[in-house]
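Mind looking over this structure? Questions follow.
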Amino acid sequence: MYSVTVRDHLMIAHSFKGDVFGPAQRLHGATYVIDVEFKRTALGENDIVVDIGRESDVLREILAELNYRNLDEVPEFASRNTTTEFLARVVFDRMAARIAAGALGPSARAMHSLRVTLHESHIAWAAFEATLVGAEGETVPAAVRRDA
Amino acid sequence: MYSVTVRDHLMIAHSFKGDVFGPAQRLHGATYVIDVEFKRTALGENDIVVDIGRESDVLREILAELNYRNLDEVPEFASRNTTTEFLARVVFDRMAARIAAGALGPSARAMHSLRVTLHESHIAWAAFEATLVGAEGETVPAAVRRDA
Amino acid sequence: MYSVTVRDHLMIAHSFKGDVFGPAQRLHGATYVIDVEFKRTALGENDIVVDIGRESDVLREILAELNYRNLDEVPEFASRNTTTEFLARVVFDRMAARIAAGALGPSARAMHSLRVTLHESHIAWAAFEATLVGAEGETVPAAVRRDA
Amino acid sequence: MYSVTVRDHLMIAHSFKGDVFGPAQRLHGATYVIDVEFKRTALGENDIVVDIGRESDVLREILAELNYRNLDEVPEFASRNTTTEFLARVVFDRMAARIAAGALGPSARAMHSLRVTLHESHIAWAAFEATLVGAEGETVPAAVRRDA
Amino acid sequence: MYSVTVRDHLMIAHSFKGDVFGPAQRLHGATYVIDVEFKRTALGENDIVVDIGRESDVLREILAELNYRNLDEVPEFASRNTTTEFLARVVFDRMAARIAAGALGPSARAMHSLRVTLHESHIAWAAFEATLVGAEGETVPAAVRRDA
Amino acid sequence: MYSVTVRDHLMIAHSFKGDVFGPAQRLHGATYVIDVEFKRTALGENDIVVDIGRESDVLREILAELNYRNLDEVPEFASRNTTTEFLARVVFDRMAARIAAGALGPSARAMHSLRVTLHESHIAWAAFEATLVGAEGETVPAAVRRDA
């Protein structure tokens, strides 16, 4: 299995609901250093897994939707805690949808799986990884992919 | 698959038995920077994989049993070489046993697997990873889990 | 010159005032990974620059005053932008005051200078460093120290 | 599953063929910081996965074949783009062949799989990972191993 | 003293002249991960050392002049070895000239000094640091600044 | 000022004397990741600060004297605590003596200063830095250099 990973980052405010979070129930924030790993069983044209420039641009677009925001005010997240692991899934879902829509080019639809890691500090990080349904040739909406 | 990882560290003395170890047969020591990754197929209550505060506390307790010690004097390790890979398994076993005993809360018993990585320097590290038997719902002693 | 550095972190929300900040004028947040470096011309008793345990505890106390907060609501920062460089100075001032007050022990008053670095992401960080007035033997309030 | 990883590095020149590479079609170069992870289901003799000294020496030999070279002039790579992911496979193949040939000792033939990661910068890296055919006991040429 | 640092990177090919360089006399290449630290004795308007967005853009422009090139073919470097320390000075000179020309805004002319660090691998890096002549208020060409 | 830094590491056992050390009074150990920074006001012959290969070799020799040892048994350290800051000075002294003796070549005697940093974990490190007496042209024994 081949993989290519790119790194970017995101700075947001949010608060958590639930006693388990202690002082993090207050409005605070985080820098997430984000790694997106694209996995594929064979190299595509040009001896690459994916066009790394396009990959970085698409990741930047996804992060721009969230960057410099108070996530408590994003309607989509209203009933949820935007924990590091939850946000890893959000970035995963948005990247998977873009791949299915062809934003990384037709050959990227042959991607086997994605792994999204969010580093919240030097001592804690979280990830979400899953196989893409219809991976390796078919084009299937990200919404129906199964967890690995 | 979701995962959450926490980092801590450990400072010990030890020596190795066997020609393969060269000068490391002498009494020396190491700092291990330790990452424990908890993996789970779905988010639990509160949109978390595990309570990261509790996770860090339990890891600290486990490391306190070994920290600032000469491992050559620990009866349990008497016939073994406490290599980095061996110690990764020791930390794994102790964390798995605590999860089975409920130290991370009842929902942590739904954990799918653990990965423990020990960094011994900037150029070498080792890990042990395994599925927890009875993962995802059942409560089974760590001692009977199978290697992945 | 000897130095000892300890690392910890801080998670806050804030917003900036001024066109120069672009989207960072919105409420957002950051994780700051914080390094505090203590510098001294000679080793003190016990062959140490400073008691590293106490140093870490005092840093944690200072960070607890700011951690998991919206800095826009802290009266002391009302007319300021809590930029990374500004916050480096805040942590510096609070650490210098504690040293002057003896929180790190009497010998820590012989400290020559401090450097506080705040990493806001993997691609940006800021620092504040200054000599302590009355360094090396005298006890002078941090408030009158000069910038280096 | 146990694993042991060692890190080394490589400095090469090359150019890429294909519009997708933009300015990287010009002759340029890279430092690759390289991690080779050896995976095994059980510890071998001496409580190790592999002799880490030998492992490092063999990796250094492999890298010496490529180090300080213009890869555009290596006949073996003539029709290919020596992308990061392609080179991860090259290092993988050469290490797998050496394991099969006994360079890491007879017990290393019981290795389950390898993962080779090449970091090309602080924001991008690529990897190749595969199970070794005949892993865990048999000695099979690397050339026939299947991708995982 | 306050400082703000930004990180970017550069990928080039080159060769060295002189027996001291051994195999690095052959055409090879490097990724340089580059940190530029801006130092100033007081915060400027908006509580910042420098506009970090502009700083990053100017650094990117400077690196674009060198990026994806064979430095052996750059006339300006014809009689020199483009070692890591030499290139740190090149980036320093170009940044100092841009500051003097106002590219970072008028207040950036009050910058005290710059430090440019180029990481060539995980085990080696080089830097060039100097005070800017006419620092703190005057506008003097970078060419006449003195080394610190 | 130019600088070049190389990184290596060291694994030792030791114990500390004094209540301030708490559990570290027991025999334990550490990995020190060691950075040695060579500073010089001008580039030497070949556009380098120092021959980086020789620099790395000499550092390795110095570390070999200490590596895989119990420092409690080294007569030279008998009355001292081999803290991280103390060991930074030991490595500094040995490197300075070798420079004075010509081990890095005659031009290395023009070195301005050295900085030795020992990382004991991901959250703590210590350093010793000093100007070399007779720096920049003269050859003076390291033993008489002054602290900066």
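To keep things simple, chains are lettered A, B, C, D, E and F as they appear, and every chain counts its residues starting from 1.
Quick note on the criterion: a contact is a pair of C-beta atoms (placed from the backbone, for glycine too) under 8 Å apart; a residue touches a chain by one contact, two chains touch by 3 or more.
All figures in this text were calculated on a predicted structure; none of them were measured in a lab.
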Query: For subunit A and subunit C, what is the smallest step count along a path of chains that touch one another?
result: 1
Field: Distance-maximising chain from subunit F - centres being C-alpha averages
entry: A
Query: So which chain is the furthest away from subunit C, centre to centre on CA atoms?
result: D
Query: Copies subunit A, subunit D: same or different interface, half of numbers shared as the threshold?
result: different
Euclidean distance of C-alpha centroids - subunit B vs subunit F, Å: 33
Query: For subunit A and subunit F, what's the span in angstrom between their mean Cα positions?
result: 43
Residues of subunit C engaged with two or more neighbouring chains: 7, 122-123
- prompt: Which part of subunit A faces subunit D closely enough to touch in the complex?
  reply: 1-8, 41-43, 45-49, 51-53, 56
- prompt: Which positions of subunit E touch subunit D when the two form their complex?
  reply: 7, 9, 11-14, 23-24, 26-33, 67-70, 120-123
Statement: In the complex, the residues of subunit D that touch subunit A are 16-18, 20-22, 80-86, 88-89, 122-130, 147-148
